[in-house]
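First up is the structure itself, then whatever we jot down about it.
As written, the chain order gives the labels A, B, C, D, E and F, with residue 1 at the start of each chain.
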Amino acid sequence: MAQIIIKNVRKEFGDFTAVKESSFTIEDGEFFMLLGPSGCGKTTTLRMIAGLELPTSGEIYLDGEEISQKPPSQRDIAFVFQMFALYPHMNVYKNLSYPLVSQGMARRDVKAKVEDVATILGIQNILKKPVGGLSGGDRQRVALGRAIVRDPKAFMMDEPLGALDAEFREHMAEELRALHDRMGATTVYVTHDQLEAMQMGDKIVVMNNAVVEQFGTPQEIYDKPATMFVADFIGSPSMNFLPFDGSVAEGAQTVDLQGHSMTVPRQMQGASGKLVFGVRPEHVTLSDTGAYRGEVLATEYLGTTQIITLDTPNGALKARAPAGQVATVGEKIGLGFKGEAVTLFDENSGRALRSELNEGIVTHG
Amino acid sequence: MAEVILKGVSKSFGDTVGVADIDMTIPDGAFVVLLGPTGAGKTTTLRLISGLEKLDAGEIHIGGRNVANETPAQRDVAMVFQQYSLYPHLTVRENLEFPLKSPILNTPKDEIIRKVNEVANVLQISHKLDNKATALSGGEMQRVSIGRALVREPQVYLMDEPLSSLDAKLRTDLRIELKRIQASLGATILYVTHDQIEAMTMATHVGVLNEGRLVQYGTPRDIYENPNSVYVASRLGQPRINILPADLFGTAPKGAHRIGLRPEHVTQGEGRAAQVERVEHLGDHSRLHLHLDGHDIVTLADPHADYAPGSALQIAPKDPLCFDAQGDRIY
Amino acid sequence: MTETPITRAARGTPPTVARKIKGLSDRAIAWIFVGPTIFLLLAVNIFPLIWTINLSFTNFRANRPNREVEYVGLRNYERILTDTDIWLNMQATAHFLFWTIVLQVLIGFTLAYLINKKFKGNDLWTTIIVLPMMLSPAVVGNFWKFLYQPQIGLFNYIVAFFTGKDPSSFEMLGQVNLAPWSIVIVDTWMWTPFVMLICLAGLRSIPDYIYEAAEIDRASKWRQFWTITVPMVMPFLMLAVLFRGIENFKMFDLVVQLTGGGPGSTTELTSINLKREAFEKWRTGYASAYAIILFVTVFGLASIYVKALNKVKER
Amino acid sequence: MSSFSVTEPSTRSKWFAGSLVILYALITMVPLAWIMLTGFKSPADAISYPPKVIFDPTLEGYVNLFTTRTRQTDEFLAANPPETWYEEIVRQYDMVIAGPSKFGERFLNSVIIGFGSTFLSVFLGTLAAYAFSRFKIPLADDLLFFILSTRMMPPIAVAIPIFLMYRQLGLSDTHLGMILLYTAVNISLAVWLLKSFIDGIPTEYEEAALIDGYTRFQAFYKVVLPQAATGIASTAIFCLIFAWNEYAFAVLLTSGTAQTAPPFIPTIIGVGGLDWPAVAAGATIFLLPVMIFTVALRKHLLRGITFGAVRK
Amino acid sequence: MKYSKLTAVSALSLATAGFGASAQAEDLTLCWAAWDPANALVELSKEFEAQSGHTMNFEFIPWPNFADRMLNELNSGGNLCDLLIGDSQWIGGGAENGHYVKLNDFFDAEGISMGDFADATVYAYSTWPKGSENYYALPAMGDANGWFYRKDWFERDDIRAAFQEATGRELAEPKTQKELLEIAQFFQEREIDGQTVYGAAIFTERGSEGITMGVTGALYPWGFKYENTPGSYDMEGAVNSPEAVEALEFYKEFYETATPPGYTNSYMGESLDAFKSGQVAMAMNWFAFFPGLYADPNTGGDKIDFFVNPPQNQAGSTLGGQGISVVAYSDKQDAALEYIKWFADPEVQQKWWDLGGYSAHNAVLESPTFKDSAPFAGDFLEAMGAVQDFWQEPAYAELLLAMQKRIHDYVVADQGTAKEALDKLIEDWTETFEDEGKL
Amino acid sequence: MSNFIQGLLRLKRGPWELVATILIALGVFMLMQPFVMWGFTYSFITTLIGTVMFIIVSHFPE
């Protein structure tokens, strides 16, 4: 098992830059998520780690060894493909044994090893079946089996749950995470589903437009988004953005929103112009008394909670409230914000302003 | 708009049961969502009402009329399909005009123009009217196909997972829009989905289907809070309800075989000590995966609460739902 | 009850409009749509086939309408299946079949493999290579006959140019040892593109990620070729081989124009032989039995072909 | 090194593959190019040894293809000076043009029979393919197999009963007879090919139309047909090419009135032996449309030759 | 000029001037093989068009396809042809199967007498059953297989000397088959004027009737018989007689030692080509081509001369030639008969000969000027005196194809021995006659 | 192998189709092989049986 270090890796396809200089470190044994919308470069990054693409520049260290220009066969990395990439003309057993036979392992050892892995994954009974007729879950297990049978240094997974239907996905995600917990192998996992990333990941890298936007633990990224993109991408419903014109001084603890003073974490950085007041729906409180008011546009019942959509002087806003709270469409309600959880953004750059809250996360100027 | 009544509706395809003996009334102006996993018979119900499939048994009444022998055209329903409902060889305008020009409606020309423009305005696609249908984005396409249903004034709208092919953000927006349109037109809508969020947020009534049978029919709140079986209880709620042996926390409630505990119904700090397996930080809350006597239990916690995996946590049930051996709700 | 177009229509419309709205039932449409095709095939294929079966038990001659027709039982079949000359024709067919398929598969697969390297302009060259197979075999046969002329023919000249032989010292069409190869060469020239196209489809049906998986699984290129490329193209190759097999088993036009079956009977393929029996000797009954034998063989091969077709279709 | 991916062939292997393929393509074109060249040679150049690559081009082959000529006496020739360029060409052999040859007629027959059968088979095939694609037809698989197997049959074997039947019905050597026959052979391709095209059109479209107030038949021609247009067009070209190229039936069942070009071209003769430039000219004219169609069809080629099973 | 030449008939004005037998002008189609005499017939028929008002169309089919196409046409009951100049062997089938109109009544009515035509041609081209007075055709084109050679080479001193040295004989027209072969072998691969020339072009074609027509040219002079007793179909000992075997071996030797390379599948066209291109010293072919050969600017005139198929044990030539028949499926039979009537006229027949057709009319043949009217005219009369024809059975095609296969397999494809080939031929023929119910 | 025999016994389509396919292929081979005459003589009946069998077994369940 191994640590993986990505250093200033860049990848171009002709004129198109898929990944701009990116750096991050994946610790030994971590379940590491590469998260971002489609086309953001996350899969390319993964493929570069695996050796399916060679980086245009930069270095990749696997277990201390620089491997960025080596072919995949010399990297000792396993890869689980989105479409599983099972060999369709072979049965389950042949699929599982393929990497072992390719390595030249003795026949008897191969058999023992494959049976071991099949037992771990609970697929002993389908070893003789052709992969064509398997259910999505079984295919997924076979694909995983083919990856773990080799005891590689690290696993790469490219949206391995993307091809499963929604109902089965949740179940498989748990299974996968449990497997990781048992094996403790370094895993790099690509997904575009923020919930999946939050649920499964030890660490997350959020990418957008070929750039790494933020790198951290799930809660950190949720609470302290470094950019508006991250704030928007993570969380459902996503963070409310209330744009306003104004200024905020270094050290300030309030901002002026449409004439109402709102508490914010102590700012470490001053700014003025087009700013954005970012607040998560669960940090919006509804009260009859609040001076900052909004009109209820819609309510969406979610069981324990409900999402209330309001029209405020700074635009639409969603609040998460307990399911029992009564809100009638058309009613005007006072709003309060949990000040210590608010993040301010510079609308032009999209970056969060440094504050007490995100100290140490947002470092740039 | 009209009321739709299903009486003992059944349909099978060879050996597989499509739907079996469904009785349901869709009141005039209601937004009814049929919920169930793949293969539960949701789409079949829709297709039976539209006339695309023929009934094996039972009756369907639309606006008081028994429609058994009518063709889809004669039933005067509008349907929005999951995908592929726009004709790729026509422009947006032609797509919208298509139902109006049918021999059954045979709308006069100026009337067509008026209606199409009206609907295009409502759906904010006026500027795309002369585009080829294939030149639209996914969201626009789905809006146009909803629009094609809206240009008509049918007895009932049937919608088959119209939002499922869209991405999460767009889905959220269209959900609200659809709800608003329904309210303003007072339309009767029968809507099929497997997405519980859609069911809960939009419906006036939810029907839960299981293997072709309608197992519960009521308001979303009713279904969430008072499910009549383990099956229904596990359809709604995320994370899913914990179904546990009735005696896990001491004596079983009378007659109960299993109890259902929604994650928010697990009280922390009292009761039996469970082991914390894993903590998922989801931002607005954390999910605790607990382990108690070989049973997995999921509960919610404050996002910043610090639980180390392997530590112990005392938990107790609060207002559990009780089910008998068959999985039916007792109380 | 609300006023709807239906209620309106139900009240006051004449039955014609009602029918217009209702239309024909699906079942009726299905039969109306399939009917003409089935009828045509019954008339032009099945009825004649049954007739042929019937004729195959008689001594009927189409050029002797006034002669009495007798049923001769299985005698026609017996004669054909014990006739060493026909057996020799079958062997000539086998030679043709075997070598065309071997050559076409080898060259076709190689070409497809090369084209699949996706070099620049491969589309254009593929289209050019494909041209021969779309042409009329009779016309192709006719002009290859010209190319095969000793001395004046381009083929002989080119061979002579490379081997230093006298171009008039050998005759592709006239020599017993060369004639079978002359038809193999032309058929290969004409139909290699077919095998190539199908192999290409097979190669392109293998998704890149399979090779990526193999690469990750540390399989060498050589092993990838034999354990992935070849087995995955195999169903396609089967399709091509079966189709070429069927086509060449009934080969007629090309060879008639090239050699006409000669010299002697060295290139007299079954179809040419059958044509002689049926339309030159006019032994209709006998030829019918012969036709039935070919029918059944092709029918058998065709059923395997359709199975292969469906297999490929599932991919 | 900049755009390496494990599945992407290296530049060198591309170059190598490219040159081999191009070499093959060039070799494969030689016979075709030769036949086209021959069409522009004089009869003497056509049979010269060694074969001539450079020669004085002449339209003699084409003139000979389209005309019949007779030898005339010197007095006659002197009395009637040539009026046109093609008359002049034949004068060098002391001949005059006596009239048009049969080639035009036979070519026209090919066109009539080709288009006639193509229209019929595509028309019937579209209907049948739609029915097979959309409706539950009892024994559909067997019917489809039966339809396909008719195309696999050896033409000579089929021709025996057809010959007898046509003789009885008076359809021998008639356009109608050949059109019906080619339709019967082509319909299998049409049904299979169009079925694969129509299978690709989601049923939702028609269902939407049904619900929108159209009948099944209206839905078919308003919704399915326009979307199947490309498929229908390429099917039509495939059918046309088959009818255009067909030889065995043509040679057995036609002799004059309805004879198509393939059996005719090889029998173009000159004075003495075969008039190769005329044959080559005929072949060129005859093959050219197919070549053009092939280029137009290249995207659908595979679908066509595998009865729709393989899509590219 | 040009196209108008064919159609330059002002139909109405001329129609009345002619026979006036039919009320309307018809489009008649005459089918024949595509060869030199056919062009002559086109010229000749213009007169008929002018006289009768009918329009003549022609369907000329190349020899290799001729039998195939026409028999197919007849058997399919097609009405492409109104008039057919069909091969002599077809007469049996044509009569028995009702393809041809029986002409007796017509001849009687129009006063056409078969006695006016050469006996051999009437026997071969018109009657069925053979020799009976049932006429199905009018002899149209007399023909036999003959030889022509390069007279200029035969007359060259150097060549004559070389021949003398090689064989001890004078180089001259051969008197026997063996001499023929000797001469051919002498010329084989000889260098003349810087060009390699070959012995003789003979028929070896496989597809239609070529090699049979060629080989019978050797078989008949050796004394080949189809049957021991005519009409008994007892072929054993006749077909495979020692003479026949010898003749067949002779023909194979001829093929192997004295023909140009590549002549594995050659018939009339190839023979003509070989001769005209100066490749061969001699060639066999039908008399029908002789006028054209004589007129050829390169190898005709005084460079060419002709001789009858040389005898060996006896004289014998292979019969060609055709009669003209009215097709029973034609719906313009009256007009077609008109044509025959016109064609039977002695004046027309004379013109026919003048244009290059071989008339069979006695008035032409017995005319004192006939022998000298062409350099081959005398040879023609001589050949016609000793012609033999192939089976004229209704099953003729089957018999012919069997012979084609057996002979070609032996001579060209080099399979088996001559005796085996002939034995197999008897087997094939026996089978055919058994099927016919004649054995 | 035992699977195959079981398939045959249970009238499953797969193995029976295989048997029919082999028969057809054998028949075609017998028809064209240059080795023994009786192979040629009995080729037709072999192919015929294979083909008829194929048509029948293609209606067996999967």
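Everything that follows uses one rule, which is that a residue touches a chain if its C-beta (ideal position, glycine included) is under 8 Å from a C-beta of that chain, and two chains touch if they have at least 3 such contacts.
As the structure is a computational prediction, the values presented were derived from the model and not from experiment.
Enquirer: Just tell me the minimum hop count from chain C to chain D, counting one hop per pair of touching chains.
Expert: 1
Enquirer: Using direct touches as single steps, what is the fewest number of steps from chain A over to chain B?
Expert: 1
Enquirer: Any chance you could check whether D-E or C-F wins on number of contacting C-beta pairs?
Expert: Most C-beta pairs in contact, of the two: D-E.
Enquirer: Name the chain whose C-alpha centroid is farthest from the C-alpha centroid of chain A.
Expert: E
Enquirer: Using mean Cα positions, find the chain sitting nearest the overall protein centre.
Expert: Measuring from the global C-alpha mean, the nearest chain centre belongs to C.
Enquirer: State, to the nearest whole Å, the distance from the C-alpha centre of chain C to the C-alpha centre of chain E.
Expert: The separation of the two C-alpha centroids amounts to 40 Å.
Enquirer: Once you find the CA centre of chain B and the CA centre of chain C, what distance in Å lies between them?
Expert: Centre separation, chain B to chain C: 53 Å.
Enquirer: Centroid of chain B to centroid of chain E, CA atoms only: how many Å?
Expert: About 91 Å, centre to centre.
Enquirer: Going by the touch rule set out above, which residues of chain F reach two or more other chains?
Expert: Chain F, residues with two or more chain partners: 55, 58.
Enquirer: Going through chain C residue by residue, note those that touch at least 2 other chains and give them in order.
Expert: 20-23, 62, 149, 151, 212, 215, 279, 299, 301, 303
Enquirer: If I count partner chains per residue in chain D, which residues reach a count of at least 2?
Expert: 6-7, 163, 167, 213, 215, 218, 252, 274
Enquirer: In their complex, what parts of chain E are in touch with chain C?
Expert: 67-68, 71-72, 74-75, 93, 96-98, 206-207, 261-265, 394, 397-398, 401, 405, 408-410, 412-415, 435
Enquirer: For chain C, which residues count as touching chain F in their complex?
Expert: Against chain F, chain C makes touches at 77, 81-82, 84, 87, 90-91, 93-94, 97, 293, 296-297, 299-301, 303-304, 307.
Enquirer: Any idea which chain D residues touch chain A in the complex?
Expert: Touch list, chain D to chain A: 1-7.
Enquirer: Once bound in the complex, which stretches of chain A touch chain B?
Expert: Result: residues 165-167, 170, 177, 181, 195, 198-200, 217-219, 222-223, 234-237, 280-282, 297-298, 300-304, 307, 309, 320, 323 of chain A touch chain B.
Enquirer: So in the complex, which bits of chain B are touching chain D?
Expert: These residues of chain B touch chain D: 50-52, 71-73, 75, 77-79, 81-85, 87-89, 98-99, 102-105, 148, 152.
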